[in-house]
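Labels run A, B, C and D following the written order; every chain starts at residue 1.
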Amino acid sequence: MKKIIDLKNYEIRTDLAIESISNNVNKQTEDIDGIKVTTMKLNKEEASITNKKEGTYITIEFDDATDYNNKEKLKEVFALHIKKLLKQLNIDDDASALIIGLGNDKSTPDSLGPITIDNIVVTSHLFKIGNVSDGFRCVSAIAPGVMGQTGIETSDLIKSIVEAENPAFLIVIDALASQALERVNKTIQITDAGINPGSGIGNKRKEINKEVIGKPVIAIGVPTVVDAVTIVSDTINYMYKHFSYTKKHLHSPANKLSFGNPNYLKKDIQITKEDRENLMGLVGMLNDVDVRKLIYEVLSPIGYNLMVTPKEVDFIMEKLGDVIGNGLNRALHHNIENL
Amino acid sequence: MKKIIDLKNYEIRTDLAIESISNNVNKQTEDIDGIKVTTMKLNKEEASITNKKEGTYITIEFDDATDYNNKEKLKEVFALHIKKLLKQLNIDDDASALIIGLGNDKSTPDSLGPITIDNIVVTSHLFKIGNVSDGFRCVSAIAPGVMGQTGIETSDLIKSIVEAENPAFLIVIDALASQALERVNKTIQITDAGINPGSGIGNKRKEINKEVIGKPVIAIGVPTVVDAVTIVSDTINYMYKHFSYTKKHLHSPANKLSFGNPNYLKKDIQITKEDRENLMGLVGMLNDVDVRKLIYEVLSPIGYNLMVTPKEVDFIMEKLGDVIGNGLNRALHHNIENL
Amino acid sequence: MKKIIDLKNYEIRTDLAIESISNNVNKQTEDIDGIKVTTMKLNKEEASITNKKEGTYITIEFDDATDYNNKEKLKEVFALHIKKLLKQLNIDDDASALIIGLGNDKSTPDSLGPITIDNIVVTSHLFKIGNVSDGFRCVSAIAPGVMGQTGIETSDLIKSIVEAENPAFLIVIDALASQALERVNKTIQITDAGINPGSGIGNKRKEINKEVIGKPVIAIGVPTVVDAVTIVSDTINYMYKHFSYTKKHLHSPANKLSFGNPNYLKKDIQITKEDRENLMGLVGMLNDVDVRKLIYEVLSPIGYNLMVTPKEVDFIMEKLGDVIGNGLNRALHHNIENL
Amino acid sequence: MKKIIDLKNYEIRTDLAIESISNNVNKQTEDIDGIKVTTMKLNKEEASITNKKEGTYITIEFDDATDYNNKEKLKEVFALHIKKLLKQLNIDDDASALIIGLGNDKSTPDSLGPITIDNIVVTSHLFKIGNVSDGFRCVSAIAPGVMGQTGIETSDLIKSIVEAENPAFLIVIDALASQALERVNKTIQITDAGINPGSGIGNKRKEINKEVIGKPVIAIGVPTVVDAVTIVSDTINYMYKHFSYTKKHLHSPANKLSFGNPNYLKKDIQITKEDRENLMGLVGMLNDVDVRKLIYEVLSPIGYNLMVTPKEVDFIMEKLGDVIGNGLNRALHHNIENL
């Protein structure tokens, strides 16, 4: 039977290290007021195994950036970890920064980079005329657009801008694709391992990293879109958990008192091989990767492996652009405390 | 076993008549250059069975409104059917129209109404001063915003605007939710049966129809969002078809010569009960409605029944706002041929 | 000679009471950190003399709303005077407000009303479902567009919305034309005497005031445009002052030490009839009103009495929309202190 | 007396050659349906006298680009002259173009460059993958922002982009300041003599021209702003003409029959020295340059030499961005006829 399901062609790609890296890697996790921060350092060997680049990966997970208080807390946590990473990379307080907002300002789910740039306090031109008070770093910023708008390879464009401006280091912001429904608009990844512009949405572009650019690169990514394959395969996994949980708890007296549906994800549930096969037949026999490949094979030829974004995307991009833009202002300029 | 799956709470709602109406209803279908137009007239009895309102429903299905030629063809077909419906409703060539663009101009997937209004050739103020050439109808237009922006019940707002302007008839445009992945941004529904502002996305508002407003109402809706439940349940159905198709054709010599994956949807495939249960176990035993209910029960308590929109939403809204806005201009004003 | 200059046709119109009212009227002036607030109460007689409506006029004059600190001070002063006026009008803390942003959101110099509405904390829909914490007033808000967009007389539209929502009072925001170069984007007028939508820019529309609407109306106006006639006639007056000042101070020893040009406007300068005629010949013999009429007669037939706005209009509208929108939030909702 | 008026500091600057070049230069003028095109070729000597660069200057003057028919005619004329200039510069049909839209997309009067870029049909990335039909040129395009947004000197940025993309020639679009009220939004200048980004509004930036960039540069400029000095000095000149015209025609019998005000600008009027002094006293004795300097000295120290733009700026920028963007598409790509 398995022969019928021919699993090829679909390679799972993600820019979120936390999605692709196993539990063996050394991780540090902290929880600050409901915001979960995971720091991983991948050495060369670990990186090559997981098909990621060597480097530090900081993943900030949060619930809802559109709530004012959450947003302000998140901004604080984000700024703190940017500062930490700058220190770890031995980047001085007066080293000049070039901030690059990747993406298309005319396409809302891809506009996080350009929106962030709008919020950056730019000072480089003032430094050139000696007109800057203490506590400000030399910062320049640009949103170079996407290749479909400019016709120019984005990494070539950035390399040329770096030559013109000669900053001490780069910060690059981009919207990513997620391989997990639960991370869309709810995760910020910070890394010194570089970024592949447009990589998350299936376009292979040239890498932007320290080797290519010749300067340290801090990449900041937020998953804003997810494909239908991911939605379906994640849901199938939730179905297993829901099935196992319901089976176990249906007749428990405690359950009778509960109102509404329980958040079964937060429970410790054992899913047996038998449960999977019972609930899902042949599909239940496949491992996660093969389920994704199967769904890809089903949706792709009929044109329905849509890349989608939550309908509130306009509001969320505005809030995340505030968090990242003003978080960077705080981390880069000593004199800015409350933007 | 079935007892475990408790199917409640989830009511399938859709504003697209074509999605909820069975094949028994009298339908006329035509195909114009790849654009499929289905016209249904529901009488009182048929309407009550399907939980829709009595009236005419014209559904225009198309492939890609972002291609220039397709867009212009679609605009022509759309204008033609608006004209037909006006005639059927005995609305004169000089009857005054009030066009209302529902939705939130600050939220891209919900901005189709306001974008359409921007494209309308408004003449009502010119009629008042007698300053209009022949071939133009008296047209006014407004985008009243959504209740979250104004605090005011939208149908109350519209009723009061109708009293102020006293038009002969209303045209109302809104973005809808779809219950089928394949219809998102690919269907325009025109009906004289009224509309429920925000109904598609789960907010119960007061109806806008002839009984409530006291004037004929032509409602134009385009599904721009879809929920995760729909994506998953549609995909499960595609999996059945793919499974049956693959099983049958895998060893056919013809298949060996084909490159790429076939569009199995266009084939005539028999899906047996056995196939469903083989592929999907217990899930395969459920009917479509119960599968949707199950997925809803799985996704809803953990907050992942996201309402989503394709990531190209900005470009598509712009094009559809052109089709509907300038299509209405052509249908309403005799003198406008090529907007 | 004077006969040649035929002064007709040009009526000076302004919505800023402070521009049209003589010094005889009872005025109170205060200066708060460089922000000048003038409060005038016109009785029936005074109003009819000056062609204004009876009522209270509060004029707030400031230097630069784009500076962060100035903006925050201005917001405070503005909110304070809205609160005072509400008290004076015996409007209770729990009286419901309908806020109307007049103007065209697609035309930057006319977009102050719509931008302000975007910043309003709307609660009316929450009150209807009983879901509001203490300290919030029932507030609804709408930007109805201009007649060129909707085809509908704006005052009719507003009357009908008032009937639908039945608020206890109205607040109406609009961009005005100024009759003084120095007031453009530097003055906020608050009045209970009503407003004439579009009046400042030469379009006669129906009045929005207590008599027409049947509810107290607080009108907030900011002059954002000025015509060429005003720029020229203001400059001619500055030329007189500059001429008189320069003549007097040119040979003063103190002047020899000064660097740059002095701000002669802040000096007490006597301009003699002789100075005017010396500098400006026949033009110098005309009074201010006749100079304006002359300039109008010169510019109008050749199409150059342009209505203009400072080129920084986008930034200024954003800041003033913050001042007025969030100033209103503070004045209307007790619980909001720091938006 | 003249001593009192101290004329210094104010240098008249303009990017419109037609404004600064005397009548001695060799000019060709044609009139196409009310659109006036003036072509001047300045040799080195002529250029140095007039403080302009050597090269060809094509000035297109028109009445109203917001009228649909005018706009389409203008687009045709503009495309034609771009083609002519390309031929004159020996730029081949398949030479690759880089189009640069200078200016700030967040400031409407300065957004002409970025709006134009949005309308450009970009093909460079398709050429790299060999995916372009005949009749298309290799075109890339970018809107690099202004120094206040990026912190980077714009000419440095452009030089670096040219190095990355290596086009055969450049086309640069910018909004300019005008030194004549009558040219604002009513003139397009095309030149091969280069451009100074932001020069029109008083910011000295590095030049963008063939010497600096190493490639032919075609600069396209439209004056969108004007300063108060210009408005006043232009009006004073109109006052002279109006005065002389009125004096002469007041008692003519023909005039008694005329309704409304005549367009005296279109008449041949002699202004005598005596008329000037009669009407304007000491001011009437000054030449044009000294009048400007005087007005500058009057307005500048009190902060009222505002740079202004007509209040319809949003609509006009949209139309001119269509004319220039789609005019360039027609001129650059053979296959595009009717955008």
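We take it that a residue touches a chain if its C-beta (ideal position, glycine included) is under 8 Å from a C-beta of that chain, and two chains touch if they have at least 3 such contacts.
Remember, it's a predicted structure, so these values are computed and weren't measured experimentally.
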Partner chains shared by chain A and chain B (touch criterion as defined above): none
Contact-pair overlap exceeding half with A-B, pair selected from A-D, B-C or C-D: C-D
Interchain centroid distance [CA atoms averaged], chain C/chain D, Å: 33
Rounded Å distance, chain A centre to chain C centre (Cα mean): 47
Euclidean distance of C-alpha centroids - chain A vs chain D, Å: 45
Of all residues in chain D, the ones touching two or more other chains: 106
Overall pattern in which the protein chains touch one another (line/ring/star/complete/other): ring
Residues of chain B defined as touching chain A within the complex: 1, 4-6, 106-110, 181-182, 184, 201, 225-226, 228, 231-232, 234-236, 238-239, 242-243, 246-247, 250, 260-265, 277-284, 294-295, 297-302, 304, 306-315
Chain D residues touching chain A - in the complex, by the definition given at the top: 106, 117-118, 122-126, 128, 138-145, 147-153, 156-157, 159-161, 163-165
